[in-house]
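Shared between the two complexes below is chain A, which has chain B as its partner in the first and chain C in the second.
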Partner chain A sequence: MKNEHQLRSEIRQFVLDDLLLGDTASMLDDDESFLETGTLDSSSVLEVVMFLEHNFQLTVQDRELVPENLDSVNRLVQFVMLKTHAA
Partner chain B sequence: MLLDRYLHDSAQRHPDKLALVCGERRVRYAEMEQGANALAHGLRALGLRRQQRVAVYFDNSVETVQGIFATLKAAGVFLVVNPQTRGDKLAFILNDCNVRVLLTGLSNFEAVASDLAACADLHDVVLFDWEATQPVPPAAAAWAAAGRRLHSMSGLLAPQPANLPVTQSISLDLASLIYTSGSTGLPKGVTLTHANMVAAATSITTYLRNEPDDIILSPLPLAFDYGLYQVLMAFRVGATVVLEKQCVYPYKYIKLIAKERVTGLPIVCTISSMLLNLKDLEEHDFSSVRYITNTAQALPERHVTRMRALMPRARIYLMYGLTECKRVAYLPPELIDSKPTSVGIPIPDSEAWIEDESGSVITTPGVAGELIVRGPHVMVGYWNRPEETAQALRPGRYPYERELRTGDLFRQDADGHLYFISRRDDLIKTAGQRVGPLEVENVLYELDAVKEAAVIGIPDETLGSAIKAFVALRDGRVLTEAEVIKHCQKRLERFKIPKRVAFVAELPKTSSGKICKEGLS
Partner chain C sequence: MCGVAGFWHFDKRPMDGTPLRRMTRALAHRGPDAEGYYEAPGIGLGHRRLSIIDLSTGSQPLCNEDGSVWVAFNGEIFNYVELRADLENRRHVFRTRSDTETLVHLYEEKGLDFVDELNGQFAIALWDATRRRLVLARDRVGIRPMFHATLCDGTVLFGSEMKALLAHGGLRAEIDPAAVGQIATFWVTVPPRTPFKGIEELAPGRMLVLEEGRRTLHQYWRHEFPGEHEYEEKSLEAWQDEVRTLLHDAVRLQLRSDVPVATYLSGGLDSSILTALVKHHHINDLRTFSVGFADARFDEREFQRQMVRHLQTDHHEVEVDEADIGRAFEDVVWFAERPMTRTAPAPLLRLSGLVRDSGIKVVLTGEGADEIFGGYNIFREDKVRRFWARHPDSAWRPALLSRLYGYIGRDPKAEAFWRLFFRRGLENTSDPYYSHRRRWDNTSQLKRVFAPDFRAQMQDEDAIIGELEAYLDPGRAKWHPMCRAQYLEMSLFMSCYLLNSQGDRMMMGNSVEGRVPFLDHRLIELAARIPPKFKLRVLEEKFILRRAFADILTDAIASRPKQPYRAPISSSFSVGDDTLVQRLLRREALQRSGFANAPAVEKLLAKGATNGVSERNEMALATMASLQLLQHLFVDNFQPSGSEIAHEERTPVAL
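This part shows the complex of A and B:
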């Protein structure tokens, strides 16, 4: 099982590569909201789900598609930890 | 009738009723009115004169709505610019219509401050979320050093009264400019009077049967006329708007419907796709929804069918419009089974008909022609664009009147119900927004490796049309799809960025050597 440090690093890399297309100057702080910063739109939220499901072997339920789980690097880390530890 | 009277009159009638719900904030009509009055006095204190322009460059928020109504109350003309807009484009718009005051947030301002230096008429920037007691950010210091003024909203409002400012406006005065993509690649400002906007809001609230107890959930940007009118129309009848920044998290949206007992759902195809992708929709409570509206891009029939099954009480309105007159037609909801692909009939107090190229009215069912619109909702023109205005507005039936050429091809059935066929120009409608291919192509040509570029819309279930770029590279040059998209991301608003990039050796040309987009897909 991946530790928090590994998770965080993979999630940050995903945000940088896939959501910001490698634009390091725009990289967010870990607690910055994707929504507030315009990093996510309705189509890219599905990219996040695919990334989580593929990289961390978990299933994101529809009801989990809420900002509390997905809207920052910190929230993604917490969400993945919760899901993978509960599994 | 003045547009700003909507807020004032509703605040008089039911001061304690909720006007806006925005995140944690719940703002009653009396509070909204007082806030807008105080900001109107503040704008006057900055020296704003009748009909001068004020831009709001901020997300959907209480402050954005306050800025809109304050500008009108101060007899100014408002424009809302999407906060995704890049600095150079924002500066173009502010210069184009000589904006005098900009209302925005600190981080938005910092991102564009260097571009705004070129806006000679922009004297004042008011920051919604910055206090003068906080450290002065570097961008603001440079702004002040250049002799411009920067204000905190709270500092500007503190000395102002909350009573209704006296205004000299009449309904023939300008109320708003709405910038929209043009086929020339530069945005142009659709110029609207109070009378235009009141006519549109009156007509639409009539056929939607809006009532004071409506609660309308709108994640549509206020910079987009469909989003802006949700607030105008709600304020007209004294209803409540649950204003969201965007519709990114589908469950948040669904939960809000139940929590706030939402009655009206204005959607675009992107929203219905996102919702209908969810697996357990039937478990949720949609019983409060009385009506759903769709415009900008037709809803696929299967979306309509599923929405109706989920919300059997809801009337579904399929509509068609363009910023130049707000709305043209709607399908009466009772016809949705018999004519699911029609956009119906002209909105109340307007006329629309189809003409052939010689200008003769077509009445024969099935024959295509351009749709022409006549009514009090038709804009007065494009700001400072006499040639484009003359193309869109032609002399009308009476000497004082002008009619709108929509540039869209339509046909009608035997009952006179209208059916959209296609656009005459090559503007792409994606996620409910208009995008001029030229603007995107110009950005692609900024890449040195690009020899030729063509941008088209391809059918996409979620977006209506998705933007696809075809690129031919100079000999020996290499570029990846990610590099092209990354460049576009720096230069364009998100909805204008191509979803796909195809590399080709050469683009097809006409005999005169012009790039020919027919056949690209």
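This part shows the complex of A and C:
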């Protein structure tokens, strides 16, 4: 099982590479909202879910698709920790 | 329909006819039927002709009775019959039956005000030899293109397409990063800016007058809407009657042609209305043309065929798949001469090829109805968000958005996300760009696909908005919010993209002339006076148009929600065998031009080929692909000698 440090670093890398196309200058703070900063568009939530499911071998349920779980690096880390520990 | 090219210099220097011929021949696709020149000290006018009216004597350039006024003209003057009768009464002597000849006589009568009398789609180069004055004029909304550039020695080059200016030899193409930055925000460049440094677009509704020591730009027409609370008191039925009468008349005028006319049938409301009007009242053996997509997500053939059965037209369709789009994209960029955020022009280039192969030169299309009658989602979104902003905590108000965007309805599980997405800037309703800000902010994110050095040469957000602000009408603040949104949509996306990159250029690439009856200026002016509540009735788009013509449509089409016309992007660049666009998207080519953040492009391409990428990243890929093609075709390997020759020569270029 990955520790929080590893998780955070993988998630930050995903945000930088996939959502920001490698644009380090606009990398977000860990508690900044993807939606409020325009980092995610309405169709790219899917990308986040696919990344989580593929990288952390978990399944995101429909009811879990809410900004509280997915809308910042911190929230993603918390969400993945909860899911993987619970499993 | 035709191509116009030429140059002007204030002194009477002798003409060298060679560059004029090179410029004009670069437009051979616009006018394959004939070529003509007028040359005098200080002026050269070149013309390529696609014969449509007065096949025998309508060659250009042509002049008035005493040879003091000359014109080279691209387009159609639909009211030439009426204008001519009036001019003949004033003792003007006509030598041809063409619409072109009315221009020189009308100019003699009215001077620069002659454009006010014209009902048509036109780009005109007129030479007044007595005053030694060159007049360049473009129709009200930019259906026909016109560009110009001024060389160091003061020579002014002009032409229907930028390739004609580049063919002169005195000007080299260089990509303007600011233009690319505007496209990666507004989806268009703001006139007069073009993708090439030093080349300007003559903006729609404008006239450029060049005389010795004087250069004046006139705006002879502008979009105008009533003040928000100043609408005429008139019933829906009365407005509806006016719409019906005027569209009938616009269609009648636009069918004036000495060659057969066909229509495009998209399966949507607007082209169905046009087709029905033409078939019922004018052409019983009407031919219709449509694009079908192999990919069902984009395909509308079911609705097209429904209308064909209903109207019994002689229908022709071309099916397009991703590989076709990838292959056609280099021609699309060659003809459109710009970076673009989408591939949707590609199928239209295929379609005009089918039209030409069927022996047809003129087609009517439904363009413009969505803009003037309020058909787009962006108008509905603006309305819902303003409604929501009055009670931002309401749960029910934002739920109306699901009636606009299909993906919300199909994917309700991400509801909390899209709600937050549309909530950005919700309460800032005094923003003059409220309707479009969300789109522009979202699009701007795609700039990450550019290399940092290239991006640093683009304008910052304030400068971009400042340039737009300077172009737009300051009087718009007093209009109804929906009219402001319509105005933005017409001034930007319609005039600067749809009418050329998906209109004129994709048709003229195959020597086909498009006509757009919904953009008869009388109809634009009428629609602007109709109260917004009759255009967007609650959330029902183009309400008045739908109602006015319900009797000639099938029920399914009259009640069908609008489907945006789109085409696949990333998948088009990953299928097929070594197309030019594929080669130009490889790392080495990306590094050579220096525009791209190469690892990001590679990543998006890889994702596009497997899982697909988000809408915004699709746009990023289309923009990068078209920018690379633009650089390749116009900067690195420009072949001025006409598209067909250029096409043969540019294919084997090693990368």
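In this section, the second predicted complex is superposed on the first by the 87 of 87 C-alpha atoms of A that agree within 3 Å, B and C clash if a C-alpha of one lies under 4 Å from a C-alpha of the other, contacts with A are read in each partner's own complex, and residues count from 1 in each chain.
The rule is simple: a contact is a pair of C-beta atoms (placed from the backbone, for glycine too) under 8 Å apart; a residue touches a chain by one contact, two chains touch by 3 or more.
Every value quoted in this text rests on a predicted model; they were computed, and no experiment measured them.
**Q** Determine, under the contact definition given at the top, whether A:22 touches first (chain B), second (chain C), both, or neither.
**A** After superposing on A, A:22 lies in contact with both chain B and chain C.
**Q** Touching A:65 in the superposition: chain B (first), chain C (second), both, neither?
**A** A:65: touches chain B and chain C.
**Q** Between chain B and chain C, point out the one touching more chain A residues.
**A** Counted on chain A, the partner with more touching residues turns out to be C.
**Q** Applying the document's definition of touch, where does A:38 land relative to chain B and chain C: first, second, both, or neither?
**A** In the superposed model, A:38 contacts both chain B and chain C.
**Q** Who does A:50 touch here: chain B (first), chain C (second), both, or neither?
**A** The second partner, chain C, only.
**Q** Is A:3 touching anything from chain B or chain C once the two structures are fitted on A? First, second, both or neither.
**A** A:3 contacts neither chain B nor chain C.
**Q** Across the two complexes, what residues of chain A are contacted by chain B and by chain C?
**A** Correct list for chain A: 21-23, 35-36, 38, 40-43, 45, 62-63, 65-67, 70-71.
**Q** Which of the residues in chain C come into contact with chain A in the complex?
**A** 405, 407-408, 413-414, 416-418, 420-422, 424, 441-442, 444-445, 448-449, 452, 597, 599-600, 603-604, 611, 613-617, 620
**Q** Name, in rising order, each residue of chain A that touches chain C in their complex.
**A** Against chain C, chain A makes touches at 17-18, 20-23, 25-26, 35-36, 38-47, 50, 62-63, 65-67, 70-71.
**Q** Can you tell me which positions in chain A touch chain B when the two form their complex?
**A** 21-23, 34-36, 38, 40-43, 45, 62-67, 70-71
**Q** Taking the touch rule as given, give the residues of chain B at its contact with chain A in the complex, in rising order.
**A** Touch list, chain B to chain A: 59, 83-84, 245-252, 255, 270-271, 274, 278-280, 462-463, 482, 485-486, 489-490, 494-495.
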